[in-house]
């Protein structure tokens, strides 16, 4: 089986996200890193791309890359957009319109309107537009979704999600540009911590329950007084399948390292999972005992089996979750090429619609925060 | 040192709370169980009291007990009120007015007005009126309070408290009278889960930070449709020292056994503690590593040292926390008798003012829940 | 029900063990602290006894107490011996011979011969001779025993026990008399860490499996060179029901606070429990998932139900385990008085035979350690 | 930087080890999978190799591969030997002698004599002969080694290592050929569980302390009676730097999933780490508190920094540890080519000497087990 050809925009020398994507895309030998416009400085991007073996397909700009790849018979099969947030919309849209499959880093856009535009363009193009909520690639998150879908905990009553860490708690570090821009509306938009981390938790709540957020109410605060945007938020929400939701996100919770976790409570059982120890899923059927489900154990769901790589008892971590998104995409692309339905267990990667919903939630959280926690419609207008 | 004489109202044969109080009061041999009106059925109460060795001081009603003890030279030094919630006010008030020291089970009253009346009566009487938020007796909770007071985590920015369990999640059990009354306004008042469990978490938030709740906004839901009162609530709040608060309480969180826990985040550190594993306190100073503080370790605070009974590494549990409240009260009573100031490390038992504040919070939560999460004043009128 | 009368020898002012026993004996109001010879200095013992309310039954020596109590119609029902180790034999023997029920602190004796003598005396007297392996009083340890007895894990193949802490690791503290005597053969006998802690773990291995140790091989080392006796030992053993055993004990394991824990593996399941978190028992049936058994959950064994005092989710700790031994003894004494068989679920307190077996194991460990790990008979001669 | 060329022997279609090595070797894009003899059936091996893109360098046997690669100017830079255990010696030796760098799966050989031969051949060849103790690639294991080397816990007194799982506990499964061969001397050699798992733990004990095992005593048992070789072993040992060691390995410990863990206790501190949760390392300096060291935190050792790939709080797992071995090897190979000393922080991959020492330990354990735990020299003759 020949590898698919993969390109990347952004992720230049020294970035964190670049190696993460290359690791994820390369892990299963499904994709060959073939083309890239890795830096907004043309020379640097070309040099780095050549260093990484891209040869003539190391481009100086995304526009050059779009033009160059479009002109080839052997154009890339997938492009990953990992540029600064405010450029995602433009680049994603352009590549979709040109007929490329796209994986866009989150946030997909800066506004709801842009998000709706991407959804429309993606639908019109018939191409794949994925958004990188990478935590949804963990094997036991997939299994959690499968358990809920098949009724293991009954109708879902309540979801409790958290993404609360303490890495922006230091007042002495608040003016460090690496941190500061995140809380500056001019650079970050309408939301800081919720837009950066909270939406991962909110996506996960939707992902595992199979329900979408309909309404929400938010309490947003800036614990560091110099910040305009929030560094802590509590969001209550309602989902379209009837579930109640609670979501806490923070960047000032000293002593917590990452803090993404989810608990789901249904009529006949409860589940909980935490990103920092992702190889265990805790399950309690109503009236019984708490059980520890281990990644890799026998007789899990097809969704879990497909996304596990090493035997039970060995830790798997975040890079493999990330890689699972790429594995899904490889299957989606091949199915597309072969004109066949894709493996449903692989059709779990987050899509443009998810990116749009997140953006609608970000705006609703920001607005509700300003309005003393007023309950607002959290759906994008096109899905109301 | 002769023991103090202790009496109890309620806690009849078969109750859970009776043995818990007798264990707590008796643990350090500070109190002698001397008198009781243990059952609302006079004959049963007298018979059980005599079985427990109370002799003629086994009374048929609290009124008889009040009259009988008042008439004695060797009257009881402390009375515990552990009757049904809607009788706490009347009994507590009567005993305070008659000059007795009282420990009242929570909730202290059913309304804010009654709470204010108890505060007034207690202040006028000069007697002790304690309220049994027993979890505040844990040694490491005391230490957490001491650490925050002495500045170990700097100014407190945020408190996150939980008391979320799953013991009322079973729809098949919802009509069981043992469960049902809790969600019935006619019997339980304006709030179910928040009034029952949430206020423990809220008291703890105030206890450890030394700040009182000023305003709050609540999202209250009944996950079981047959319930009128809430079985899950999320409460956002603000404290008078500037801290932001989040509190989640639930009785439908299947897979969680008890679920009382607290996290406090300040400018220079974070702390977290959980009731299910009460002998460890997790502390992270800003920029350093998470540390495990063990109950009983050397060089803790006087407040911790006073409330620890076995050496480090041995588990201590809830009954000892409960006993610490009684130990505090013994010191308070002796100081009263001896006309001296009490040991400040013992002056940590919850008081009528705390019982009143809880009641004001209960009403504010219930009302905010009805008003779509409107922010309301959470203080009792007399403290505004 | 009138309380039983209880006396204590040792446990003078400032001791750790005195309050622990008084707390345990008093917890359920089953015993009244009535008599004591609390200090080897007669005046101090009488003064402290009077301060604790013993009046004329505060004695100056155990001999006086024996004479005094023997002469009374209302003599004590149980005496606890909590004196220095090398006096246990003499006192226990004298009280048994005089017809008293005895609870002796561990080690019951200093030699195997003395242990056999106590067993003979106890059997001849018809009185109770208990030995305080208090950790066996934990509710979930009792449940573990019940589960194994009823076959929940099949035939036991292997037991793995540990009691490894780090409290004697500091070389700078090794000459502190509080620590030093433990490693000095003149004061401590043939073994230090194994005799002090290891035998708790070994007793627990026998207690939960219902099998006795038959042979053992030990590797004993002194990690601090100034020590004559061992501060770390690994003991392999075989049990009379066919189980293999491994036991590690240490006092130099920095970072471990207490370190008593046990794992039992049978043909059809495994169990594990740790003293530092005693309210959970981990159980895995063969081919299934790890389950968390919670203290206080519904439908546990009678042995567990009898020894649990607060509802599920609340921590119970070591003092309550200790109290369970006294509760067992109260039932044993009452059954004795009433000429009826005792509740089998209470007949779990450790007995003179257990104290003897421990002493035989201590000598076998010490001897095997000297003989490069030779396999030796670990049974007392009278049980061979 | 052009990729190094990598070949593999064994790891055919359906094997577990093949994908694990391909994932590890490919993770950082340092190696290109170039050649392979993937199956002992020539046709199957060639077909699978071609399917994986090896083209003409898909060989039918390791002999063909050796000949083929030797003849090329662009021969592979590294070959991984992942064939059945009893072929490792022959293949590794042949490739070394032909001037190739080799990574051999463990066990490196079936006898000590073979192990010594490999060491001699490797030394004579000047080539790299690595052995895949992959768990030593975890970032925090590397950091543990660095901490001990720089004296953070003082002189090491004791090491406690475990590798105890329950995956061969089912008697009904014991005759399953997949399990059975492991306990059959004809196929597995002199040891089963110790040779399979125990040596990982023993290697780790040496790796982190920097000390080699000199003497040992073993208690080996077959808990399932049908087994000739041991399924459980306890090994006591002494190290050449003075440390005492304890090592428990089991395959019948139901309820444990993997069970590799290590604790090291020194004069001034203790450390512990567990493979199932590899992103935390627990450290207690003498007289202080337990601290949680997180993978990826700031200011760790160069050895840790070099082997961490994602930011703090994200889980990393076993495949990345495995990849770190390959990353070390890439650096070693490049340094070899460039005639420069290699980065010392990369020079941590296990070597032929380690494979030899493991084999000597396996024979000593087997022999000591037969001799009732006699203490035996655990060193290979050539290192005595």
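Per-chain numbering from 1; labels A, B, C and D assigned in written order.
Criterion: a contact is a pair of C-beta atoms (placed from the backbone, for glycine too) under 8 Å apart; a residue touches a chain by one contact, two chains touch by 3 or more.
Model, not experiment: these values are computed from the prediction.
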Labels of chains that are neighbours to chain B and to chain D: A, C
Chain located farthest away, centre of chain B as origin (C-alpha): D
Euclidean distance of C-alpha centroids - chain A vs chain D, Å: 35
Rounded Å distance between chain C and chain D, as computed from the means of their C-alpha atoms: 43
Touching two or more other chains - residue numbers and ranges from chain C: 290, 294
Residue ranges of chain B in contact with chain C within the complex: 1-3, 16, 19-20, 22-23, 26-29, 33, 51-53, 165, 257-259, 275-279, 294, 309-320
Contact footprint of chain B on chain A as seen in their complex: 153, 157-158, 160, 164, 166, 169-171, 217, 219, 221, 223, 232, 234, 236, 244, 246, 248, 250, 252-256, 263, 265-272, 282-284, 286-287, 290, 372-375
Residue numbers on chain A that touch chain C, as the complex places them: 289-294, 297
